[in-house]
Structure formats: structure tokens, C-alpha cells
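Got some structures for you, see below.
The same chain A turns up in both complexes below, where it pairs with chain B and then with chain C.
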Partner chain A sequence: MKIFTLIKKDLLQELRAKESLAFMFSLSILFSVVLGIAVNSALLNQESVTKLFPGLLWVIFIFSATMTVERSLQNEMQHMALEGLLLLGVSSFQIFIAKLVSNTLLSGLGFLLCTFFLAILLDIGIVHVAAPFTLIASLTVIGYSALATVAVAISSSSQLKSLLLPLILIPLLFPLFFAATELGAVLFAGGAFDPASGWLSLLIALDVLYIVLGMNLYEYVIKE
Partner chain B sequence: MLVRYLNILSPILLGISAVLIAYSIYLVFLVVPNEAIMGPVQRIFYFHVGSAIAAYCAIAVLLVCSLAYLARREEAFDAIAEAAAEVALLMCTIVLVSGMIWANSAWNTWFRWEPRLVTFLLLWLLLLAYWGLRQFGDPARVAAHCAVLGILGAINVPIVVYSIKLLPHMVQLHPEVVERQGLKDPLFKTAMFWSMGAMVAFQMFLTVFRTRIGLLERELLRRKSRL
Partner chain C sequence: MDPPRTPDITGSAAISVSKASKSFLHQPALRDITLTLSAKSLTLLCGANGSGKSTLLRAIAGLSRLDSGSLSYSGAPKGAAPRALVGYLGHHLMLYPHLSVLENGEFAARMLGTACDIGAQLNEWGLEPHAHKRVHELSKGLQARAALMRIFIGEPAYLLLDEPTSALDEAGVEILARRIERLRAANEQCCVLIATHDIARLGSLAERVVVLGAGAILFDTENCDEIDSNRAREEAFNLYSRINR
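Up next is the complex of A and B:
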């Protein structure tokens, strides 16, 4: 019950202020245009652009989401709100799960925006691969959010905050990034989606591992 | 108390690693014959592999000490983890640089997207992130935060190794000497194991030496805060 209240609080806060959403919307467009210009200047044929699309998409997502998700713990860090939550009997496990869910929803929305803008700018058809790509994207966004939730809690107490977050988060994301890019590349290159693929198993295993690690380590990050 | 033990251990480990490194240099440059295909540049291999093993050992120390710090909250574990991470970063740098020198000579390119090369590049980035957190983290919480990042990073290591093996690559040029082909000349094998031992001993010395400095730094800060 406390978890749902915390999720509701985070989502309501975001819906009222709309800061992260507006920031993510702008960043998605900006990064898409920058990469669109780079791809266009390379004079690649459409087949090569289609193969590049998933990799570019994950690059845009990781950077725009990392710059946005940094704000997710900002309210709790001000006026000792986090200590207040812990004093009210909310466990660090519950805070982690609530943050994970709200970050996943926010990052998922950001991913949809990135996909939409980049697909339009690079003229990529995504409807024919929508179902398997949604599965890959959901698993990747969940794994990303689990790691980002812990990394944000680590970086938010530092003076550097937004500078430190990408430095510690992005290297941890490489296995997730490899799996998502490889699965996406096969899909967009016209290959059939293989549910028994090693990459898909890796993606699921990473999600489970990062969530379990996050649940166990979050306490040490926020209670210190 | 621990600093006293480290004061005794440091010169012993320095002596052992100096003897081992000197003997490995003697074996590698004066005893072992030139490799038939690659010639003298192959001699980099002995220190390249040794540094890789030493880096893995240092990362294992980082994982164990990070877990121990979270469980026991003892300053010594934090200092050892900090030292191990810095030494692992140094060893990964040696692996990358020596590998690139070898690659330029053997393959005519500084870098290829080979599984082994990418693995160490990513390990280097992970350790750089840990170092960044040590330098710029919140001083009051940096020990626990670094322990958490150390655990996340060290657990990511086998996943990075596994996931890179799954990546498509055209023709893998990096030799798998130990796993597959073996070392044909017994002298190659002797030199490799001595150089491996030398690099691991050197890593242990650096870890102990850096731990001692770390503990003294903490003591200095404590005394300064009392003034």
C-alpha cells in the first residue's frame, strides 16, 4: 500500500510540474536532430540507416533519460524529505520499488518520444516490428531504471550531481546496451525475432539481477 | 594497528615483486627465443597477460572488501577497496596500452572490436567511474556509495565478458593462447608463469602500499578535524 502511495506521489508531482516530461521531450528532439544530421551527412543508403536505427535510438535514450532521471530524487533530497519518509516507517525497499516503477514509466515515455522523433527523421517504418520491439524496449527500460534508481541516489548527494551520474551509470549499462542493440539490429535488418535468443535471455537475466541488487543495496545508499 | 602490519608487509612485498620482475625480465628478454611469426614484439605478451590476471585479482579484492565494508563498516575495508580499484585501473591501463602496441605491430591497427579488447576497455571505464565517484562523491557518504558501486561494477565484470563473447565479430584475431593453442615451447610457458606471478606480486605490493597511504590520509583528516 505504501509503495502505491509513493508511486502516486511521484507521478502526481511529475504531472503537476511537468518538468521532466518537458525536458525529456526537448532532449529527444534535440538528440534526434543532431544524430539525424550526422547520419544524413554520411550519405548512407536506407538499408544501412535502418540497421543503424536501434543503436542510435539507444544512444539518444540513454543520454536523454540519464539527464532527466537525475531529477527523480531531487524532492526527497530537499528539506530532509527522505529522512522523513524513513521515520514514517517506509522501508528503503519500498522507496526503491516506488522509484523503480516511476522511473520506468517516465523513461518508457521518454523512449516512446525518442523512437517517434528518430523514426520520422530517418524515415524508418516500425509498425511491422512493433510487438517484438516493444518487448525488447520494455525489458531494457526496466533494467535501465533499476540501475539508474541506485545511481541517482549515489550521485544526488554529491556536489557534482548531474555530472557524476552519467560517469557512474553509463559504464554499468554496457551489457544492457549490447543486448538491446543486437536484438534491435536483427529485428530491423529483417531477421525473425527469436524468443530463444541468447541476447533475450541475457536481457531478462540482467533485469532480474539489477532489480535484486538494487533492492538489497538501496538501503546502504540512502540510509548512510 | 593495521598500518603497522602494512609497514612491515610493504617492503617484503616490494622485495618479492622486484625479484620476480627482475627474473621475468631476464627470462623474457634473454632466455626465451623469438616467436616464429610475430618476432620480438611477442615479448609484450608476457607482461600483457600478467597485467590482465593482476587486474582480475584486484577486482576480486575490490568486490570482497566492498561487501565486507557494507557488512562490518570498518574503515580498513574501505581503504583496501579504494586501493584495489586504483591498482585495477592501473593494470587495465597497462593491458590496454600494451595490447594496442601489440595490435599495431601484429594487426596493423591500434584497436579492433575484438571481444578481449572491448572487455578491457569497458572494465577500464567501470573503474574510471569508481575513481570518479571517489574523487567527486559526497565525502560523508563516499565510502558506502563506493562500496555499492564496487559491488555493482565487479558483478558486471563476468556479464561484460559473457556479453562481449555473444557480440558478432568477423574473424577473431586475438590469440587464445592459454585456453586453446597452448604454448608450444616449454620456455614460453615458464616465462609466462613467472611474469604472471611477478605482475600479481606487484599488484599486491601496490594494493598494500596504497592501503597504507589511504589509512594514513584518514587518520590525518581525523586529527585535523579535532584541531
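Up next is the complex of A and C:
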């Protein structure tokens, strides 16, 4: 019950502050346009562009979602609201799960925006792969959110703050996005989705690993 | 399951701090502090800026770790701060700026699992006309009242306040004093520790005054009239001299 109240509070804060949503919307458009123009200028044929699409999408997502999630969590840490939650008897486990859910929803919305803009700019049809791609995207966004929630808390408590975040986050995210790009490339190249694929198993295993890691580390990173 | 809001205090010591030390980037903030705060007590923690008051309060609240030494709380496992029993207000208000005062209060009550009448609390703190305003729209003083209201919603057994009067007007200080007295009357085992420079306004509440200087206890008295800023300065100077020798 506490977790639902926490999630509701997080989403209400985001909706009212509008900063994160406006920021994410602008970044998604900006990155999609820049990469869309770069790819179109390279005069690649449509087959190559289709193969590149999943990789480009994840690059845009990493940048826009990381900046959005960072902004959202740092706002809360600046007001010491996370410490306030601990003093209200909320466990770090409950805080982590609530943050994971709200960050997943926020990042998921960002991913939808990136997919929409980039697919239009590169003229990629996504309807025929919508179901399997949604599964892959959901698993990737969940894994990303678990890791980003912990990484932002670590970087916020360091003096380097935003400078430290990509240094922690991107290397740790590499296997997750590698697996997601491989699965996406097969799908967009017209291949069939294989539920027994090793990449899919890796994606699920990384999600579990990042969530378990986050649940155990969060207590230490939000406390001085 | 939510922890009980009243500690099982079997002895007279509610909080014991033993040989507590802490440094930030090799700069000592607390030096071997040993302090026992008894149940039913109200202690003022005084001292110059940088004397270690806030560091000590945060450590007691369980929000920062000590480099060495230990803390114990009656009715809690050794070393673990009974967080849900602690009402702590530090330099940050710990409120959600985009939620209204009422929503912040309701959120705290829900998290603590208390069936508190938020309307009555708003009324008591003079916040009723501002109940539906978002916290970031309020003045500093009203924000401080809202933060204090949130702390008292849980009727904490350990009340730790760090310079609570710095943004309050006279009326706000009166409400705070009244609310502390009511908390102590309702829970006889309540232990209150307030870090402040405002002895003039809070001195009448205090039963004990502890003065810190350079991270150590300079003196500790139950007679508030003994507090003399010249003596505190002299003691602090002597301590600095001993440390830097």
C-alpha cells in the first residue's frame, strides 16, 4: 500500500512540475531530428536504415531518459526528501521499488516519443513488429530504470554529480543495450521473434540482476 | 508491519551517544562525544557555526554514519535508529514542493500509518488558509511551519530539531513551544533535542543545555543561566589551542 502511495506521489510531482516531461519531450525531438538528418545525409538505402534503427533508437533513449531521470531524482535529493521518507518509516526497499516503477513509466513514455519521432523521420514501419518490440523495449526500459535509479542516487551524493553519472551508467548499461539492439536488429530485418533466444534470456537475467542489486544497494546510497 | 510509535523505554536513558567521532574530508566534525539524553527531557544543543551540532543531530537521527563510537536508543536494536519514532527537521524541509501543504501532511500520515486529523494540525499551525497551496508557493516562514507540522503528525518519541526557529516569526515560535509541550504531555517518555542559537526564545523550554565547540562538548548544564557566550568562546578557544598544538 505504501508503495502505491509513493508511486502516486512521484507521478503527481512530475506531472505538476512539468520540468521533466517538457525536458524529455524536447530532448526526444531534438536527438531524433539530429540523428535522422545525419542518417538521411549519409544516403544509406532503406534496408541499411532499417537495420540501424534499433541502435539509433537506444542511443537517443539513453541520452534523453538519463537526463530526464537525473533531473527528476536530483530535485528530490536536493530537498532531502528521500531522507524524509526514511524518517517516515519507509524502507529503502519500498523507496527503490516505487522509484523503479515511476522511472520506468517516465522512461517508457520517453521511449515511446523517441520511437515515434525517429520512425517518422527515417520512414520505418513499426506496426508489423509492435508486439515483440514492445516486449523487448519493456524489458530494456525496466533494466535501465533499475540501474539509473541507483546510479543517479550515487552521482547525486558525489561532488561530481552529473559528470559522474554517464561514467557509472553507460558501461553498466552496455550489455543491456547490446542485447536489446541485437534482438531489435533481427526483428526489423524481417526475422522471426524467437522467445528462446539467448539475447532475450540475457535481457531478463540483466533485469533481475539490476533490480536485486538496486534493492540491496539503495539503502547505502541514499544514506550519507 | 509498522513499528510502534512509543519506544519501550525501560531505563531512564532514551538516547546514549558514546565516544562519537566523525570527520569530513579529514576535518573532524565530532570528537569523542559522549552524551546521554534521558526520557522526558528537553535539551538545547548550542554552539557556534561549525561546532558540530547538525552533524550530531543527523547521526542521532540515523541519517549519517559515525566514523567511530556508538549510538543506542531505548527500545531499538543496538546501533539502529528507530527511524519511524524519530521526528527530525534539519536544514532542508523534506517537503515535496509541488504538493500542497495538505497533500504533504496526508502523505506523511499515510506513510506513518497514523489516523491523524490533518485539518486540526493545519489549524494549529495557522496553515488552514494555505492548505491547498503548493509548498513552493509559500514564504520561507510558512514552509517552515508546514515542515514542523509534518514532523509532529507522527507524535515522535525522539524529537530532533536543527535550528527550528530560524525562519519562524514570534507566533510560529509560540506554536512550536506549545506543540512541544503538548507532545511531552502526551508521551512522557518523549526525548527532545534542539540545536539552536536562539536561547532567548527557546531557553525557557530547556531543562538542560549542552554547548558544543569544535566538535566536542564544552559544557553541559541543567542551569540555563550558566550559559554565557563569553565563557563558551573562551572554552572553544582553549580547545582549539589544545587541538592545534
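One rule holds for everything that comes next: the second predicted complex is superposed on the first by the 220 of 224 C-alpha atoms of A that agree within 3 Å, B and C clash if a C-alpha of one lies under 4 Å from a C-alpha of the other, contacts with A are read in each partner's own complex, and residues count from 1 in each chain.
To be clear about the criterion, a residue touches a chain if its C-beta (ideal position, glycine included) is under 8 Å from a C-beta of that chain, and two chains touch if they have at least 3 such contacts.
These numbers were taken from a predicted model, which means no experiment stands behind them.
Engineer: Determine, under the contact definition given at the top, whether A:Ala119 touches first (chain B), second (chain C), both, or neither.
Structural biologist: Neither: A:Ala119 stays clear of chain B and chain C.
Engineer: Quick one: is A:Val129 in contact with chain B, with chain C, with both, or with neither? Answer first, second, both or neither.
Structural biologist: neither
Engineer: Classify the contacts of A:Leu86 with the two partner chains as first (chain B alone), second (chain C alone), both, or neither.
Structural biologist: Only chain C is touched by A:Leu86; chain B is not.
Engineer: Hey, is it chain B or chain C that touches more of chain A?
Structural biologist: B
Engineer: Who does A:Met215 touch here: chain B (first), chain C (second), both, or neither?
Structural biologist: The answer is neither, since A:Met215 touches no partner chain.
Engineer: Output check: A:Leu12 vs chain B and chain C. Expected answer is one of first, second, both, neither. What do you get?
Structural biologist: Touch status of A:Leu12: second partner only.
Engineer: Under the stated touch criterion, which partner chain does A:Leu160 make contact with: chain B (first), chain C (second), both, or neither?
Structural biologist: First partner only, chain B.
Engineer: For A:Leu172, is the partner it touches chain B (first), chain C (second), both, or none of the two (neither)?
Structural biologist: Touch partner of A:Leu172: chain B, not chain C.
Engineer: Taking the two structures together, which residues of chain A meet both chain B and chain C?
Structural biologist: Chain A residues touching both partners: 224.
Engineer: Would you tell me which residues of chain C are touching chain A in their complex?
Structural biologist: My answer: residues 2-3, 58, 61-65, 83-84, 86-88, 90, 92-99, 103, 107-108, 110-113, 134, 154.
Engineer: Contact residues on chain A for chain B in the complex?
Structural biologist: Chain A residues touching chain B: 147, 150, 154, 157-160, 163-164, 167-168, 170-172, 174-175, 178-179, 182, 198-199, 202, 206, 209, 213, 217, 220-221, 224.
Engineer: Help me check something: in the complex, which residues belonging to chain B touch chain A?
Structural biologist: Against chain A, the touching part of chain B is residues 70, 122, 125-126, 128-130, 132-133, 136-138, 140-141, 144-145, 147-149, 151-153, 155-156, 159-160, 162-164, 166-168.
Engineer: Applying the document's contact rule, which stretches of chain A touch chain C when the two form their complex?
Structural biologist: Touch list, chain A to chain C: 2, 5, 9, 12-13, 16-17, 78-81, 83-90, 223-224.
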